[in-house]
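Both complexes shown next keep subunit A, but they swap its partner, so subunit B is in the first and subunit C is in the second.
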Partner chain A sequence: MREKEVQNSKIDWITVIIYLALVTIGWFNIYAAVYDEQNAASIFDFSINSGKQLVWIATALGLIVLILVADYRFFENLSFILYGILIFFLLITPFFGKEINGQRAWFELGAFRLQPAEFAKFATALALAKLMDSPLFDLSQFKFQWKALGIIALPVALIMLQPDTGTAMVYSAFFIMLYREGLPQKYYVIGITLVTLSLLAIGIEENLYLVAGICVIALFVIFSGKYSWKKTLSVLGLSAIMVAYVYSLDYVVEKLPDHQQNRIMVLFDPDIDPLGVGWNVTQSKIAIGSGGLIGKGYLEGTQTKFDFVPEQHTDFIFCTLGEEFGWFGSLVLVALFCTLLLRLVFLAERQKTRFSRIYGYCVISLLFFHFAINISMTVGLFPVVGIPLPFFSYGGSSLWSFTILLFIFVKLDSHRNQILGRLG
Partner chain B sequence: MNIKRSILLRVRLAFLLIALFAGGIFYRITQVQFAEGEKWRQMSENIHLQTRPVKATRGNIYSADGSLLATSLPFYRVVMDPSIARDDRFQAGIDSLSRKLSSFYKDKSSTAYERMIKDGRATGKKYLILNRKHIGYQEKLEMETWPIFRDGRFGGGVIFEKVDRRYRPFRNLAGRTVGFLNEDQYGVGVEYSFNDHLEGKNGEALFQKIAGGAWKPIHDTEDIKPTDGFDIVTTLDVNLQDVAESALLRQLMNKDANFGCVVVMEVATGHVKALANLEKNKNGSGYGEYYNYAVGEQGLTEPGSTFKLLSMMALLEEGKITLEEEIDTGNGTYKFYDRTMRDVKIGGYGKISVREVFEKSSNVGVSKLVNEHFAVNPSKFLHYVSKAGLDQPLGFQLKGEAVPYFKKAGSKNWYGTTLPWMSIGYELKVTPLQTLTLYNAIANNGKMVKPMLVQTIKMGNQVKESFSTEVIQKQVASAKTIAQLRELLEGVVENGTAKNVKNQNYRIAGKTGTAQKLINGKYSQLYYTSFVGYFPAENPKYSAIVVIDSPKGFHAYGGDISAPVFKEIADKIHAQDLSLNQNKADPKEKYANDFPFIQAGLTDELQMICNQFGVSNHYQGHEKWVKSSLSNKSILWVSNETDAPKIPDVKGMTLKDALYILENKGLRVQFRGKGRVKSQSISAGVPIYKDQVIKIELG
Partner chain C sequence: MESNRSIVVGIIILLVGMVLLTKLFLIQVTDDTYLRKAERNAIQRIVDHPYRGLVYDRNDQLMVYNNPVFDLMVIPKEFHLKDTARFCNIFGIHKEHLIESFNAAKKYSWVKPSPLIKQISNEEFARIQDYLIDYRGLFVLTRSVRAYPNPIGASALGYIGEINRTQLSKDETQYYRQGDYVGLSGLEAYYEPELRGKKGVKYKMVNVRGIDKGSFRNGALDTAAIPGKNLQSTLDMELQMYGEKLMKGKRGSVVAIEPKTGEILSLISAPSYDPNILTGARFGRNYLTLNVDENKPLFNRPIMAMYPPGSIFKIVQSLVGLQEGVLKPTTTFSCNRSLVNCHNHPNPVNLFGAIKYSCNPYYHQGFRAMINQEVSSNTFRDTQIGLDKWHEAVGKFGLGSRLGIDIHGEKGGAIPTSQLYDRIYGNGRWKYSTIYSLSIGQGEMLVTPLQMANLAAVFANKGFYYVPHLVKAIDEDPELIPKKFKERVYTGIDSVHFDLVQDAMQEALSGTAARAIIKDIAIAGKTGTAQNPAGEDHSVFIAFAPKEDPQIAIAVYVENAGWGGRAAASTASLMIEKYLKGQVSRPALETYVLEGKFIY
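So, the complex of A and B:
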C-alpha cells in the first residue's frame, strides 16, 4: 500500500516544464524591457526590475516546494478558511492599503508590496471547488446557482472598492468553469447576446441601423417555421427589451469615467487619437509590428526601451517579445500557453473527485482569461485593462499568486489516485 | 440530452474555445507583423527619425571694459562608430586605446572598454557612446592623438559631439547680476532678462533614435543652420565690482551680518559700475550671492534715515524753512497722538538748526518739521515723492524689479502718525537702487537718470541695439534746493553721523540710515543699516549705496557699519580712476595690484594678512586650508584639501604649516632649506602608509 502511494503521487512534469519555461523567458524579457545599452546593468542587478524579479522567482520556487510537501488534504480542508482570510484582507485594503495611482490595492510590508486581490483569485477558486464538491450540488437549480455566484461576487464587490476594475473583471472567468459544471446554457446565450449587442451598439454610430437589424431578425424568426401567437409575443417582447438596452447603453457609456470610455472607443477606431488615448496600443503595435518574422534580436529592440511603451515590464511585456523575437517568438509564446491550457484541461478531466476537477477548471479559466485578455489588449483586440500576463509580467504578487494557483492543482493531480482510494 | 453527452460536449466546447481564442490572437499577431508590418515599421521609423533642434551658441556677456563675464565654452562627448576602422588599424590600436580611455575616465577597466568597443564592432553598432562625461577642448585635442582616434571620424570612427556649457571666467563675481538660466527657462539677472537676445535661434537637423534613448545625428544637407545669439555689453566694471564685493564681504564677516548689497553708479550716465549682493550661506559659514537685494522684491524695505533727504527736499521746495532756522527737538522724545518719536541721543539735542537736524539725523526734528508743514495736506508731501519718481519702479533692465510701497493719503491705513513716520523713512518701502537713484539725481544737479546695466547688444563688432541714458526727471527740485541739499549731505560727513569717513584726499557727501527691522509686526533690536552718497562732493563722479542687514555687535548704526564700506570702495575707486587724481599719483598705488608672497596655508590667517594689507581676496568655500590662485586682479583662495588619507599638497606653505599638516597625518618629515616649501619628495594625492618618510625642500 505504502509503495503504491509513492508511486501514485506523480507530478505532471509537462506542466512544470512549461511553467519554468514561461517564467524564465519572462525574466529575460523583463531585463530586455529595462535594458539600457549605454548603461548596461547586469540582469542580476537588484536595482533594476530583472534583479527584483529574480528574487520573486526564487521565492516562488520556494512556495512550490512548500505546496508540494504539504498534505494534499490541507487545501481542501482549509478552503473556506483561506477564503475567509483573503476576504478579510480585501475588506481592510481600501482603508489600510497604500495608495498608488488612485487605487488602494497594495499592502506594504517593508520593501515589499503585496496585492491581496491577486491572492484572492486562488482562494476563491478553492472555495468554489469546496462548495461544489458535494454530489448534491446541482447547478441547474436556482438556489445552488446563487450560492456559487455569491462566492464569486463577494471578492468582486470588495475589489471594486479599491477600485481595480481590471482585476475584478478577471473573476468573470469562473463562468467558464461553471459552464463545464453544468450551469444552464440560457445564461450564456443571454450573456453572449448582450455582449454582442453592446459591441454593436458602441461600434455602430446610429442606433437606428441596429434597431432595424433587430426587427428584421425578429420578423424572420416569427415567420419562419410554425407560426404561433405565443412565439410571436415572446419574440416581440425580447426585441423590445433589446431595443431598450441599445438605447440605455449610450447613457451608461456616457456615465463611465472618461478613461474607460476612451479605452473602449479606441478599440473601434485606433486612429481616433494615436498619440493620446491610443498611445499605449499604437506603441505596442509599432513594437510588435516592427518585429517582423524573426524580430530585431535580443536586447536590440528600440521601441520597447522603457520610453515608448508605458507599463512595459508589467502589462505590456508581450510587445518586448514581439519586437525582439518577432513572429516566431510570439508563436512560441502562444503555443506554450495553449499547450499549458490544453494540458490542464486534460489533467482536470482525469481527476477523480469533483473538488480537484472544479479547482482545475478554475485554474484553467483564470489562466485562459488573463492570457487571452492581456495579449488581445497588446494587439488592440480588447480595451486596455491592467491585468498581467501570467508567469511573464513583472511583479511579485501576480507571480506568487499564479504559482500557488497552478501548483495546488499540480499537487492535487499528483494525488488523484489516493483521493479515489480514500473515497472508495 | 443525457448528462454524460452534455458534459462531453461542454468539455469539447472548452477545448474549442481555447483553441479558437489562441487562433484569433495568433491571427491578429500575424496580421500586425506581416499584413500591417510595413505600416508599423514606417511608423517606428518616423518615431525614430526626428528633426531635432541644434542649439545655437549663446551670446557672451561682457563688462564695460571688455572682460568676459559669461561665455559658452564647447565641451565634447566622445562617441565612436566602432564599425568604421580598418581591421589592421583596429587590431593594432584597440589595446592601447582602451588603456588610454580607462586611464582617462577612470571609471572602467581597460578590458571593459576593450570589450565594449569590440562587442560594438562585432554587432555592427554605428553609434557607441564611450562615456557620457563631457571633456574640454584641450582634452579633445589630446584624444585626437590616440590610436584609432587619430584616423578621424571617417577613418577611425570617432565622433566628438559638441555640447555648450556656460562658463564664468570671474566665477561668482557679480554672480546674481550676470545671472543664470536653467533648462526650465527659469533664471535671474542678465542671462534671464536678455535671454531673447542671448539665446539666438536654434537650427534643425535630422536625428535618429538609437537603443538606449540617445539621438544620433544623420548628416543632411537640408539642416537649418543655427543663428548664434547676440553678445551683451554691460556697464559693470570688473575692477570696481571686485572692490565692492570684497569690501562688502569683509564687513559682513566682521559684523556677522545677514546680507548686504552695494551698488556703484556713474553719476552723469546712470551706468551701474558694480552691483554686489552677498548673503550668509545656508550652513551659516561664509557668504555667497543668492538674491539681488538691490533690485528685487526681497530687497524692498523701510529705508530709515536715508529717506530724510526727500523730506528735506519737500520742505525746502515749499520754501517753508531755511537751513539756519532753529527747531526745538526737546529731550529727544515727541508724542504724535499715541506714538512716541525718539532720537538716538538720550536726552535729546535740544534747540538745534535745521542743518544740524539733518546732520545728526534727528527723528524728532525732521518729523516735527514735516508734520508742521504737511499735516494739513499730506498729498502734497506725496507729490514730492512722486516727483522724485520713488513711487514707481524704475524700469530697470533686469526682470523682477520690486514695486515700491507708499500709503495713499486719506486711505484706510493712513493714520495721523503716518506722515511723521514716513518723513523719517518708515511706513513705506523702496529698494536700495531707488534710494541711490534719488541721491544720484542730487549729485547730478537735479537731473534724475535711470540706472542702466546693459549698454549695447552686439554681434562681433556690429552693434544691434545700443541703450543711452534715459532721463526720468529733468529737474527733481530747483537749483537752489539742490545746492542746499548737497550742502546738507556734505555736512553729514563733515560734522554729522558719518564723520568717520571724512578724509584729506577728497570729499564724500552722503547720508546714513539705520532702520529698525520689523519682525512679525514689531520693531526688533535688529537694524537695517545703510549709507548712500556720492564723491567727490564738489564734482560728483560716482554715487553708491551700501546696505548691511542685521549686523551684530555694539555699534550697529549706519555710520559705523555701512559708511566705512562706502569709504573703502570710494578710496579704491578714487585711487584707480586717473581722471579723479591726475596730479597726485601716489607712488604707493603703483603696487596696489601686486600681491604679497603668499601661496598656501591656514585660511583664517591668510585672509587676515590680506585684509590687513588691503589686498583684495575672495573665498567661497569653508575649508580650513587653502592655496592661492589669481583671479583677475585679486586672490581667489581655492581649497587645499588635506583631510583625505593621501599625501597633502604642502607646496607654498611655511615650514610651520607644512610640519603641522604632515606630522598630523603620521608622516615623518625631513626638511632642508629656509622659506617656503619648494618641493616635496612624494607627490600629492598618493595614498599614505604608516611611518612613511617625506622630504621637503624649502627655498
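So, the complex of A and C:
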C-alpha cells in the first residue's frame, strides 16, 4: 500500500496534464471540424468523428491505466519481441491490408481500422533503446552505427512497400535521439549541407548560379587561413561532389512521380497549381490565415467547416484551431507542445538507465518530428506529407500509438529510482 | 559532451517553435489577404436582379415586357464530361465554344458557378431540361430578357445590352457590375434609373462544392430587390404600327405629336428593325448586322437626320415677319423669277397667297425686308444685326438647338448666325445677297423631322409648344415625368398671327397636296422639298388636324421621293385619318403609298 503511493507520486504530472490538455483541445477541434450548423449533432454523437474520437480517448485512457499498472520491466524485456511482432504485421500488411487511397496500410477489425505502421513507431523506439542499452554500445563506431541504422531501416523499408512515404519519413526523427547519444557530428553537417544544397538546387532555377556560389566559397576556404595542398585538394574534391550532386538532383527530381515533384515545387511557388497540388496548402493557409489574432470563435470557422480544407479532421486539424482561435490559439498549441517536449528532455536527462533515457529521446524525437512537420506543412513551410498531429488529429491508431509511446516513458520515469543504474 | 547535446536539442525545439509562431503571425496577423480569400471562398454574394419595368402605350397596351431565359451554369470542380459529342448535340453547342466557355469558367473559379451556355430560350430549355440530371455540376439560372409583343417602336423604345467598360467607369454610384444589363438607347437608356429598379443582395455561405450552408449573419446584410417602375409611353401602338407599315421599303421619318400636350404619338424611323432581334443572346450578332447595313436601321432618323427645311420654313418666315411688323397680311410682292425660281401661280400675291402658292420670290423680298431694316447705315453691319435678330426669333420655334426629347442622341439642326458667315466670308464681307437662300428654307440651315413635327404643333397651338416627349406617366403617376415636359414654351409670336397661316395651310392642300385632303376632317398642311445634292430630293410634308381643335401634328419625310406633295403628304394624311377615325377609308391611297416606288 505504501509502495503504491510512492509509485503514484512519482508520475510526472506536468506531462500528464499537458497530454490531457492536448487530447481535450483536440477532441473539441475535431467536433468543430465536422460541425455542420444546419445538421448540428452533439459532440457525443457516435455517428460523427468527435463521438468516435471520444471512444478512442476513453480506450486510450484505459491503455494508460494498463501501462501504469504493468511491471516496468515488462517493456524492457519485451522490446525485441514487440518489435518482431510489429515487423511481422508490417510484412503482411501489403498483402492483407485494406486498400485505401492506393495504400495498403490498414487492417480491418470489424468496425475499427488499425494502422500497424503507427504502432511500429514505439516498438522501434523500444528496440532501439534495448539495443543501445549496453554500455559497450558506442555510436562513434561503425559497426554500432550500422546496427542502430538497421533497426530503423527495417520498418522504413516495409512501410515504403505500402507505400506510405510520410510515415516512413517519420523514422528519420530517430536521428535526433542518435545525435544525443553521440552519433558523430560530421553526419549532421553532411546531412544539413545536402538538405540545404537540395533546397537551393530546386529553388534556384539556374544551376550555374549555385555552382558559381560553391566555387566562390571553395576559393574562400582555400585561400583563407593557412594554405596547404591537402586542404586545397579536399576542398576541390568536395566542391566537385557538390556540383555533381546539384546536377544529378535535377535528374532525380525529374524522375520522381509527378505528384511528388509537385509537392516539392509547391513549396517554392504555391501558385503553380492552386487547384491541383497547391489546393491543400493554399486552402490550409487561407483557413489559418483568416483566423487573425483571436480567431473567428469556436464553431464559427467557415473554411474548415465547409470542406475547403481537405483532411481537415486528420492531418490538417491544425487549420480548424488556427481559424477559430487565431494566432492566440496557435500560440497556446505551440507553447503546449514545446513545453511538453522540453519537459521530456528534462525527464530523459534525469533517467538513471541508458534504456530509459534513449527511449525518452525516441519519444521526444517522434513527437517533435510530427509536431514540427505537421504544422510546417499546414502553413506551407514543408511539402504535404500525410502525418498526423500527435494527440490532436482524429484517428484511433495515431492516438493509441502516441499514448502508448508517451506513457511507457512516463512509467519508466516513475520507476527511475528503482532501476539499478547502468549508466553509460 | 552528450549533455551539451541535450541543450542543443532543447534549443532546436525552442527555435522550431519560434519559427512556426513567426510564420503563423505573418499569415494570421500581418497579412489580411487570407481573410479576404476566405470570404471569397465561403461567402457568396448573390445578386437578385429586379424585374425591369414594363412599357405600355398611351392606351395601356403592352409594348415591352420581360421574357425568362435560362443560363446554364457550370461548377468546374464537379463537371466531368465523358461524351463531349453527345453533350454538344443535346445542348446545341459547338465543341470549340464549349471548350472555350469551360476554360473561361475554370479560369474564373474552380468551385464557383460560371455560365456555360448563356440565354437559352424557353423552348430550348424545355427540350434540354430532362437531360440536366445526367450531368453533375450543372444548374440553371433564370434571367429575363426584353420582349416585344409587336415588332415596332424600335427607334423610340431602344434596347438594352451588357454594360460596357466606359459606362462602368463612369458609374459613380458603383451600382453596376460587369455583365449587368443597362439601357443603351431610346427610352431604355433615358429612363434607365426608373426602369432598372434596385438590385437586391443576399449573402449566403457555401461549402467547397458551392452547396448552400445558410445565410450569412442570419441575413442581416441582405436586401430585397425592388422591381423597376413601369412606363406609360405617349406612343399610340396602333398608329405606330400603321405608320411603320406605311414606311416599309422607304427611307425616312414620321413624327406625330399631340399638340396640346407635346406627347409623341408615333415616332418612326425607316427602315427599322424588329426590336426582338436585339434581345438576349442574339444581340451581339444582330447588332453587328444592323450596324453595317447600308440603310442604317440603327440611325434614329426622326431625331438625328438633318435636312434643309425647304418651303415649309416659309411659314416660320411669315410668322416672324408678321410679329415684327415687317410683313402685314396685306403686304404684296411680285413673283419676280429673276430673283429665285418659282412656279405658275397668280401674280402678285399677298402673304396668304404666298403661303398658299409657296411663292419663292415673295420670301426673297420679304426676308430682305426683315434682315435689312436699316438699323445701321452700313449695309454689311445692318445685315449682321438683322440676321441675329431673326436667328433669335427662329430659335424660339425650337429650331437650331435640341428640343430635349426623352431619348438620347437628338441633333439640334442648324440656324445660322452672323458669326457663321463672318467665319466663312470674313467680318463685314457678306450681305443679304449672300444669305438669301435662307428665305426659302435652303442654305446653311438644317432641321430634324422632330423639329418639323414640333413646328406643326406650334402652328396648331397658335404660338406655343410642349417639349415633345415619349413618356406620359411613370408607375401610373403623371407627376413623375420630368417637369420640362409640362411647361409651355412660347415662340414669342402672338396667336392672332396664326389664323392667317392656318387658313393658308388649309387652302394650300388643294393646290400642292390634294391627295392629303380627307373628307370631313379639316387638315392644315404644307409640302416641302428638302434638296438633296446627292440624288433625288426628299419629300417632306407637315400638317395638323382637325384645324379647329388640333389633335395631331405630324411631319413626314420620305427620302429621295421627290416632291413633297406625293409620298410624304399621302402618308401624313393616312396617319391623320388612322389616328382620328381609327381606320382608313381610302384603300387606293393606301396602296399608292405602300407600293409606291420611292426606292432607295
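Things to note:
Assume the second predicted complex is superposed on the first by the 410 of 424 C-alpha atoms of A that agree within 3 Å, B and C clash if a C-alpha of one lies under 4 Å from a C-alpha of the other, contacts with A are read in each partner's own complex, and residues count from 1 in each chain.
As a convention for this text, contacts are C-beta pairs under 8 Å (C-beta built on N, C-alpha and C of every residue); 3 or more make two chains touch, one makes a residue touch a chain.
The shown structure was predicted, so the numbers you read here are calculated from the model rather than taken from an experiment.
Superposition of the two structures on subunit A leads subunit B and subunit C into a clash. Using the contact criterion defined above for the overlaid structures, shared-chain residue A:Asp71 touches neither subunit B nor subunit C, since it reaches no partner. In the overlay built on the shared chain, the residue A:Ser376 is in contact with subunit B and with subunit C.
In the overlay built on the shared chain, the residue A:Asp138 is in contact with neither subunit B nor subunit C.
Applying the stated contact rule after C-alpha superposition, one finds that A:Glu205 touches neither subunit B nor subunit C.
When the two structures are aligned on the shared chain, A:Glu300 is found in touch with subunit B, with no touch to subunit C. By the touch criterion stated above, A:Glu99 is placed in contact with neither subunit B nor subunit C. In the superposition on chain A, no contact is made by A:Asp250 with either subunit B or subunit C.
Once the two complexes are laid over each other on the shared chain, residue contacts for A:Glu108 go to neither subunit B nor subunit C. Using the contact criterion defined above for the overlaid structures, shared-chain residue A:Phe337 touches subunit B and also reaches subunit C. Stretch 224-232 of subunit B is the one among 98-106, 152-160 or 224-232 that clashes with subunit C after the shared chain A is superposed.
For the contact definition in use here, the residues of subunit A common to its subunit B contact set and its subunit C contact set are 36-38, 176, 179-180, 182, 285-293, 302-303, 305, 307-308, 322, 326-327, 330-331, 334, 337-338, 341-342, 345, 349, 364, 368, 372, 375-376, 379, 381. Contact residues of subunit C toward subunit A in the complex are 1-3, 5-6, 8-10, 12-14, 16-17, 19-21, 23-25, 27-29, 31-35, 37-39, 41-43, 106, 110, 205-209, 213-214. For subunit A in complex with subunit B, the touching residues are 36-39, 176, 179-180, 182, 282, 285-293, 299-303, 305, 307-308, 322, 326-327, 330-331, 334, 337-338, 341-342, 345, 349, 364, 368, 372, 375-376, 379-381. Within the complex, the subunit B residues that touch subunit A are 3, 6-7, 10-11, 13-15, 17-19, 21-22, 24-26, 28-30, 32-34, 36-37, 39-41, 43-44, 47-48, 129, 132, 209-214. Residues of subunit A that touch subunit C in their complex: 36-38, 176, 179-182, 275, 283, 285-293, 302-303, 305-308, 322-323, 326-327, 330-331, 334-335, 337-338, 341-342, 345, 348-349, 361, 364, 368, 372, 375-376, 379, 381.
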